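Look for chain A in each of the two complexes below; its partner is chain B in the first and chain C in the second.
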Partner chain A sequence: MIHDFGIVWSERNLLLSGLGNTTILSVLSAAAALLIAFVLTPALMSKQQWLAGIVRGFVDGMRCVPFLLFAYIVYYGLPSVGLRLDNWTSGLVALTIYNAAYMAEILRGAWAAQPREPIEAGIAFGFSNLGLFRRIVLPPLLLAAGPVIGNQMIQIIKDSAFLTIIALPELTHAASSIQSRHYVPFAAFITAVFLYWGLCLVIEAGVSSIDRLAMARR
Partner chain B sequence: MTGGDILAILQGAVVTVTLSLTGILIGLPIGLSLAVLRWADVPVVARIVTVYVSILRATPLVTLLLLLFFALPNIGIAIGPISAAILALVMNTAAFNCEVWRASLMNFPRDQYEAAQSVGMGAGLRFRRIVLPQIVRSSLPGLVNEMSLLIKVTPVLAVVGVVDITRAAVRIGAETYDPLPPFLVAVALYAPIVFVLVSLQRWIERRQAMAEAAA
Partner chain C sequence: MADGSKVLDVAGVSKRFGDLEVLSDISFQVAKGETVCVLGPSGSGKSTLLRCINWLERPDAGQIYLTGTEIGVTGAGIVMSDRELSRLRTRIGMVFQHFALWPHLTVLQNLMEAPIQVQKRPSAEVRDEALALLAKVGLSDKRDAFPAKLSGGQKQRVGIARALAMRPDLLLFDEPTSALDPELVGEVLVVMRELAHEGMTMVVVTHEMGFARDAATRILFLDRGRVVETAPPERFFSAPETERARQFIQRYAGHVANGGCRT
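Up next is the complex of A and B:
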């Protein structure tokens, strides 16, 4: 058993590059998904029925499709209609679009729960449009949505493991490759599990520091 | 894509639904027991459960499944794809269910528990008659949400060779060199299943909100 972990240790560079790729994938797609969500959420809450309807259809549709199937469609299905993406691009695109729907729903929930008064006070003080959004609406919104966005980040990290099936060299893929070459399944995968756990603990620590900030501002 | 192909995907759907239901039915009571162990603060065990839930919530199902499927035979436990799939689903969903149950247990009003104690109910009876009926109600939306999440991770089971909806669709796509149609059939099968659960969750939440408003 110790010997098995020795083999995994000798392959640490592979595992670390997998961990790095998982982190890069998750952070990039979380940031992109959040940006897209900032466009989708106002549309979701729009008084224009048709616009709200289309975005609602997209958000609900994404929530009904398994991520793995969605990744398959982007990677294997889109070439049929003439759009061929390599595995990195497909992985990023799939993770981003899929999670943008969830992020939009999260932001909508947090937005709807925000009190109206500070916004009206902001308008009364002469803030408008972007200034109002950036200075008055956004900070409490992000603080309120922080924990749920953190949960979604953990979900994104776990979803990124599915991308191993399109041969993206992330953490699970690295563990699989070590296991298939040295036949040390337990050591290889349990190490991956603990690395995932570590990533999630980092996010949870981040969330609780946001929480403390939110408490301090109250 | 022929009629036979669609039939093959439908057969996959039977596998997906059967495995999901099995995972849900086994995972629910295990999740509840884990939550009760933590709630009752059983020494040592409660800490182990906490760490278990924390690790399992952070572990992608693919990684867990590969670990079980390849490592268990290595230590002498023979395991087939189907049993590995069910075990992985149960281990995963039990951890999430535990959190849902525990949240309801934590919010359970202490005075009712003490009232039951004062009329002489034993611990088992107290739990069965007073605590359980009420936490089932308050946990229901969270549990249904977890069920829809569980169905959405089942395509991963294909990695060890379980022929579910996704695997059947991939296979047909590889045979016909046109993967898009079978994938769309697969989406058309998953979406209603998940949609029913999501609607069920919203309906329960609305009904409970109405009942609360009436009270």
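Up next is the complex of A and C:
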């Protein structure tokens, strides 16, 4: 058994590059999903019924699709309508769009729970449109939603493992190539599990520092 | 027509929510340095009137002029862009019943936020002025505290300082002491009296009859969305013209005679 872990250790570069790719995929798609959510959320809460309805349909629909299936559609399905993306682009696009729906719903919930008066004060003091959103609405929203967004980040990291099926060289992919090369499934997969866990601990640390900021303001 | 010598000129403003006519044909003017107290029973439209003045609610009819400039509508008679409306709003300070401070910013940052971000004034100048305002409301030691850590009275004094930091031509107060514990009302009224004394132009919705009696230059009595009576405080409290005002004073101001001012 020790010997098996020795084999995994000898392949550490492969694992580390897998970990690196998982991190890059997760961070990029989480950031992009959040940015898209900043647009979707105001639309969800819009007084324009048709706009709110369309976005609501997208958000609810997306949240009912298994991620694996969605990744299949983006990578294998889109080429049949003439849109061919390489595996990195497909992976990023799938993770981003899928999670934008979740992020939008998270922000909407936090927004609805915010008191109205400070936002009114923002309007009364001359903020409007983007300035109002960026300076007055968003900061308390992010502080309030920080822990839930952190949870979603963890979900994104775990979902990214599915991208091994489109041959994206992320952590699960690296672990499974090590096991198939050397027949050390337990050692290879357990090592990957611990690396995922480490990544989640980093996220947790980030969440608790946001939480400290929020606590100081509560 | 707009009277440029007045800071505020409200001309025939009406507002309805669905079937409910909340304001009907309200007209009044406020001259520079005046403190007008708006009194009236709950639901008479006082908050709605204040919110119409800076177009947080859009009036259905009538005009509102700030030092001669019409709010909400351009010279050509079309509704203003958000940008134009925002620029006019920066000249009207507002103090809210529940303080409405920005929770993610410290006290000092609350004061500096709009002058820097909206008015684009230089931050060093804004900071100096904000520090002076905090000293004025007696909160210099709280400048780095977050609003959540303050008492209600302190929050409202920050709210007033935040409004003053905009160097407004006009200050609107919507029941600034109604959400406070009785023992904290005084510290806020002290600041408001001082402002009135210094010649700040203010429209104050309040149930503090003591304040209205001795700080107001004029009382505007609202009932069911109409200005029922307008008079200097001495005359309003001692010889109200209408039965509605008489009843109202009896209900709310009975305490004044005993020296208290809470309802």
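Criterion: the second predicted complex is superposed on the first by the 218 of 218 C-alpha atoms of A that agree within 3 Å, B and C clash if a C-alpha of one lies under 4 Å from a C-alpha of the other, contacts with A are read in each partner's own complex, and residues count from 1 in each chain.
We adopt the following convention: a contact is a pair of C-beta atoms (placed from the backbone, for glycine too) under 8 Å apart; a residue touches a chain by one contact, two chains touch by 3 or more.
Quick caveat: nothing in here was measured; it's all calculated off a predicted structure.
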Q: Sticking to the clash and touch definitions up top, decide whether chain B and chain C on chain A clash or fit.
A: fit
Q. Is it chain B or chain C that touches the larger share of residues in chain A?
A. B
Q: Have a look at where A:S176 lands relative to chain B and chain C in the superposition and call it first, second, both or neither.
A: first
Q: With the two complexes superposed on chain A, say which partner A:F125 touches: chain B (first), chain C (second), both, or neither.
A: second
Q) Between chain B (first) and chain C (second), which, if any, makes contact with A:L68: first, second, both or neither? A) first
Q: State whether A:K47 touches chain B only (first), chain C only (second), both chains, or neither.
A: neither
Q.
With the two complexes overlaid on chain A, check the angle at chain A between chain B and chain C, Cα centres, nearest 10°.
A. 110
Q. Is A:H3 touching the first partner chain B, the second partner chain C, both, or neither of them?
A. neither
Q: Give, as a whole number of angstrom, the minimum Cα separation of chain B and chain C in the superposed three-chain arrangement.
A: 26
Q: For chain A, give the residues common to its interface with chain B and its interface with chain C.
A: none
**Q.** In the complex, chain C residues that touch chain A
**A.** 54, 56, 82-83, 85-87, 89-90, 92, 94, 96, 98-104, 113-114, 117-119, 146-148, 162, 166
Q | Residue ranges of chain A touching chain B (in the complex, touch as defined) | A | 60-61, 63-69, 72-73, 76-77, 80-81, 154, 157-162, 164-165, 171-172, 175-176, 179, 185-186, 189-190, 192-194, 196-197, 199-201
Q.
Show me the residue ranges of chain B that touch chain A in the complex, using the header's touch definition.
A. 54-55, 57-64, 66-67, 70-71, 74-75, 151-156, 159, 165-166, 169-170, 173, 178-180, 183, 186-187, 190-192, 194-195, 198
Q) Mind pulling up the chain A residues that touch chain C in the complex? A) 115, 117-118, 120-129, 131, 135-136, 139-140, 143, 216-218
